[in-house]
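Multiple structures follow.
Each of the two complexes below includes chain A, the first together with chain B, the second together with chain C.
Showing the complex of A and B:
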C-alpha cells in the first residue's frame, strides 16, 4: 500500500507526538482530579495550578499537532501534488516539539514567577492568563511555526488543485494563527484584557477551529463513503456558515459579567443559543453521508470515530453549551463546575475526536497498509467506547457537582462559602476521578491497538459496493 | 439538501454571512470599548493596580481561583474578595499559606513584600469595583 503522495508521510510524526502528549494530558488530568478530593496530594511538588496548566496546555498543543498532521496528510491529496517542502515540515515538527517540551519542563521545574522572569515576561507581559500561560518565547515560537506551516500549506494549495475542502481548512488555520496574535495584547485594564482574551479562546474553539474540524471530517467522510464531492462540500459551506454566523456574535455569552455593557446579555444569549446548529448539522451530515455511502470502506474504526465526532460534538458543545448559555441561567452557573462539565465534553467530542478520526483513517496508510488488522480495529473500537462513555460520565458527575454547588452557594437563603460547599461535593469528585481512570484505561487500549496483530485482512481494499438505501 | 441549492450558493452565503458577522462584531466591540471607561473604577488603572495585576499573573493565580467567574474552579472567586473579606484579611491569608492542614487544598507561599501585598490588594479592590451587572449573585461568589 503506497501513499498517494509520498510527502504525506510527514504527517506521521505529528500524529505520534499528538498521541504521546495526549497521554501526558490525561496523566495530569488524573493528578488534578485527585487533588480535588485529596487537597494536598503532591503539594508542594506539583501544586494544582501548575498541574492544571500542564493538563490544558498539553491538550492545546496535541490538538495543534493533530491539526497540522491532518493538514500535511490531506492537503497533498486534495491539491493532487506533493507538499511544497517536506523538509520544512520535518524541521517545524522538531521546533514545535522541543519548544513544547521545554515549556512543560519549565512549568514543572521552575516556579512560575521565575519562569516569567527568565523568559522576557517583564519586557512584554503575556503570561498568567488562563490557557495563554506560555512564556513569551514559546508564544513567539508558536507564531513562527504557524507562519512557516501556513506558508508550506498555502504554497501547496496554490500550486495544485484548489478544492473547497482545502480552502476551508486553510481559512480555519489562517484564522487560528491571526487570532492567536491577541495573546500578545495584555492591557492593565482587566476588563479590556478579558474582552480580547476571548478573541483567542472563544473565536478559536467556537469559531475558526470549527472550520478545521469540518474540513477534516469532510475529508474523512469523502474517502470512506465515496459520496460525491459536490454534496460534501456544499454541506461544509452550510456548516461553517452556521458556525461563524452564530459563533462570532456568540462571543457575547462571555461578556455578561466581566464589565462589558449589559446589552451583551441579549446579543450573547440570542446568538449563542443558535450555536448548537452547526454541530447538529455536523451530526446530520455524518449520518447522512454514511447512509448514502457508495462503498464499504474496510476501516470500520475510522467510520466509528467520524460518527462519534458528529454525535459527541453536538452533545458536548451543542447541548451542554446551550444548557448554561442564556444570560439568566448563566448568572447562576457562571464559574462553577457546570463550565468544567461543558468544557470536558465539548473539547473531547469536537476536537479530540476529530483528531482521532483523521489519525484512525490516515495512520494505517502512513504505516504502509490500507487498514489495520481486524483485531487492532476491534481494540480501537473498544477504546472508542471506553473513552467516550467514561467522558460522558465525567460530564454527568461534574454537572451534578455543579448543580449542587450552585444550590448551596448561590440559591439557598443562607448561602455557604466556597470551600464549605466543595467539601460536600466529594462524592461527585470521587466518581469523576473513577470515570477518569476508566478513560485512562481506554487510552491504554487505544495505544495497544496500534501494536495488535492478526493475520492480514482479506477484504479487498476500496471494493465498490452498491449504496445502502 | 435540495439539488437546486448549489455549492456556489452555499459558498456565497458563507462569505456574506461571515463578513456581516465580523462587521457587526467589530461595531459592537467599538461601542463597548467606548463605553468601558464608565464601567470601571479608573479607565487607566493606577500603577499599584497594574503592579498587582502583574503579580496576579506571574503567580498564576488563575490556575486555581476564578476572577469574575473565569479561571479554574478549585479555589474561591476573588473578583469580590475585597468586599467579602476586606484588605487586612487578604494580606494575612496570603502570608499564612500554606496551611498544611492534612488533606486540605493548599495554596503556595509567595513570600510577598508588604509593598507587593498592597499592590495585590489594590488590584483586587479595583476589580471589585467593576460594573459586573450585579454578578455574582451573592457575596460568597
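Showing the complex of A and C:
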C-alpha cells in the first residue's frame, strides 16, 4: 500500500525517535521510583534530581517528536499536497535528535552547575527551573527547529486546501512555539519568575497542546469512522473554545500561594473548575463518532487508542485536576503527591495516548500496509491495557500517598516533618514502583507488536484441500 | 462491535431527544446539581415512562436505576466507611477519598458512554447498575 502523499514518509523517523525516547523516559521513571524507597540507589552515578530531570525532559522531547511526526503525516493529507520541503523536515529531525541526545548526555555526564557554565548560562541565565532545565544552547536550538518546522508546515497549508483540522493544529503549534519564548525570561524576582514560568508550562499543557491533541484525535477519528467532516469540525470548535476559555484564565490555579494578587484565588478556582469541560466533551465526541461510524475500519488498535485517549484525558486532566484545583482545597494539597498523581495520569491520558493513537493509525501505512497483522494488533491492544491499567494504579497509589501526606503533614494537631512523613509512605511508593514495572512490561509488549507477524495457517492432516484452479 | 443498520441511519431516532435529556440529567445530578438533577430525572421518568418511544424509555429506566445506585454507592457507603473508620483517622480519609473518587468517576464515565449512545440514537445498558434491557 502506498502513502497518499510521498512526503508523509518523513513522519516515520519522528515516530521511531519518539518511541525510543519514551523507553528512556520510563527507564528513568523506574530508577527514580526505586530511589524513593532506596535512597542511595545508583548514587552518586545518577542522583535523584538528575534522573527526575531526565525523566521529565525526555517526556517533553518525545512528545514534541510525536507532535511533529503527527503534523508531517496529517498536514499533507489534509492540505492535499506534498510537504513544502521534506529535506528540511529530515534535516530538522537530525538537529533536534542530536541536540536532545547531547542535552541528556550533558545532564548525566557533567555536574549541572558545570553544564550551565559551559553552555552560556552566564550570558543569559535560563537554567535551573523545573521542566526548563535545558542549557541555553538547547533552548535556542528548540526555537530554531520550531521556527523552521512552522515554516515548513505553514507553507504546506498555505499552498494547499485549508481545513479546520489543519488550522487548529497550526494554531496549536504556533502557540507552542510562541509560549516557549517565555523560557528565556528569567527575572530575579521569584514571584515574577514563577508567574511567567507557568506561561510556558500551564499554557502549553492546559492551553495550546489541547488544540494539537484535538486536531490529531479529530483526524484519526475522521479516518477510522468515516463520519462527515462537518460533524467532526463542529465538535472540535466546541472543544477548543472550551479549552481556551477555561485554560487561559485557569492559569490562576498556579498563582494561589506564590505571591501573586489574592484575586487569582477566585479567578483560578472558577475557571479551572471548568477545565474538565473540554475533556468531558472530548470523551463524548470520541464515543459518539465511533457509535455513528459509517464503516468498520480494520485498524482496531487505533480505534482503541483513540477512545482510550478521550477517557483517560478526562480522568487525568479533568477529574484529577479538579480534585485539587479549588483554592481552599489546594491550600492543603499544594505540592504534595496529589500533584504527582494528577501529573502522571494527565500527561499519559492526554498527550502520551494521543501520540500513540496517531502512531497506531499512521505507522502501518508508513510501513507500506493499511493495517498491522491481526496478531500485531492483539499485542498492541494488550499493551494498551497493560499501560493504561498500570497507570491508573500508579495514580491511585500516589493519590493515597498524597492524602496520608496531607493528613500527617498539614492536618493533625502536631504536624510531622516532610521526611518523617515520607518514611510512612513507603508502602505506597513500593506499590507505585510495582505498577511502574507492569507499565514497562506493557511498553515492551508495545515494542514487540511492531515486529509480530501472523502465524502461518496450519492445515490439519486429512483435511480436504480446495482444488487448484 | 459490528456496524448495525441503526448506526448507519443518520436521521434522529424517535425518542432520541428524551434519551439525551435523561442521560444529561443523570450527569447533571452527578456533576453539577446533586439532588435537583435527580428530582428532574424522576419527574421526567414518571411523566414519560408509559408514552415515550422505546429508545427514550430504555434510557430513562437505565438512568433512574443508575442514579439510585449512585446514591447508595456515594452517600451510604461513604457514611459507613467514616462510621467504621472514625472521623479522626488519616487512613479513613485515604479510603473515603479514593473510594469516592473512583466510584464517582466510574459512574460519570458510564454516563458519558450513555450520553454518546443517546446522541447516536442507540440504547445503552449501564453495566452492574442498570436495568436489564428487554
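Just so we're on the same page, the second predicted complex is superposed on the first by the 454 of 469 C-alpha atoms of A that agree within 3 Å, B and C clash if a C-alpha of one lies under 4 Å from a C-alpha of the other, contacts with A are read in each partner's own complex, and residues count from 1 in each chain.
The rule is simple: contacts are C-beta pairs under 8 Å (C-beta built on N, C-alpha and C of every residue); 3 or more make two chains touch, one makes a residue touch a chain.
In this text, all values refer to a predicted model and were calculated from it rather than measured experimentally.
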**OP:** Answer with clash or fit: chain B and chain C placed together on chain A by superposition.
**Re:** fit
**OP:** Could you say whether A:127 touches chain B, chain C, both of them, or neither, answering first, second, both or neither?
**Re:** first
Original post:
Could you give the angle made at the Cα centre of chain A by the lines to the Cα centres of chain B and chain C, to the nearest 10°?
Top reply: 100
Original post:
Looking at the overlay, does A:36 come into contact with chain B only (first), chain C only (second), both, or neither?
Top reply: first
Original post:
Between chain B (first) and chain C (second), which, if any, makes contact with A:415: first, second, both or neither?
Top reply: first
Original post:
Between chain B (first) and chain C (second), which, if any, makes contact with A:292: first, second, both or neither?
Top reply: second
**OP:** Based on the superposed arrangement, let me know which partner A:283 touches: chain B (first), chain C (second), both, or neither?
**Re:** second
Original post:
Which chain makes contact with more of the residues of chain A, chain B or else chain C?
Top reply: B
**OP:** Using the superposition on chain A described above, determine whether A:396 touches chain B (first), chain C (second), both, or neither.
**Re:** second
Subject >> Minimum C-alpha separation between chain B and chain C after superposing on chain A, in Å >> reply: 8
**OP:** Please write out, lowest number first, the residues of chain A touched by both chain B and chain C across the two complexes.
**Re:** 411
**OP:** Enumerate the contact residues on chain C facing chain A in the complex.
**Re:** 2-3, 7-8, 90-91, 93-94, 97-98, 101-102, 105, 108-109, 112-113, 115-117, 119-120, 122
**OP:** Under the touch definition given earlier, write down the residues of chain A that touch chain B in their complex.
**Re:** 32, 35-36, 38-40, 43-44, 47-50, 52-53, 112-113, 116-117, 121, 125, 127-130, 133, 164, 186, 188-195, 230-231, 233-235, 237-238, 240-241, 244-245, 248-249, 251-252, 254-262, 264-265, 267, 331-332, 334-337, 339-340, 409-411, 415-419, 422
**OP:** Using the touch definition up top, name the residues of chain B that touch chain A in the complex.
**Re:** 1, 5-7, 10-11, 13-14, 17-18, 20-22, 24-25, 28-29, 31-33, 35-36, 39-40, 43-45, 49-50, 53-54, 56-64, 66-77, 98, 100-106, 108, 110, 123, 126-127, 130-133, 135-141
**OP:** Using the touch rule from the top, collect the residues of chain A that touch chain C in their complex.
**Re:** 280, 283-284, 286-288, 291-296, 311, 314-315, 319, 323, 396, 399-400, 403-404, 407-408, 411-412
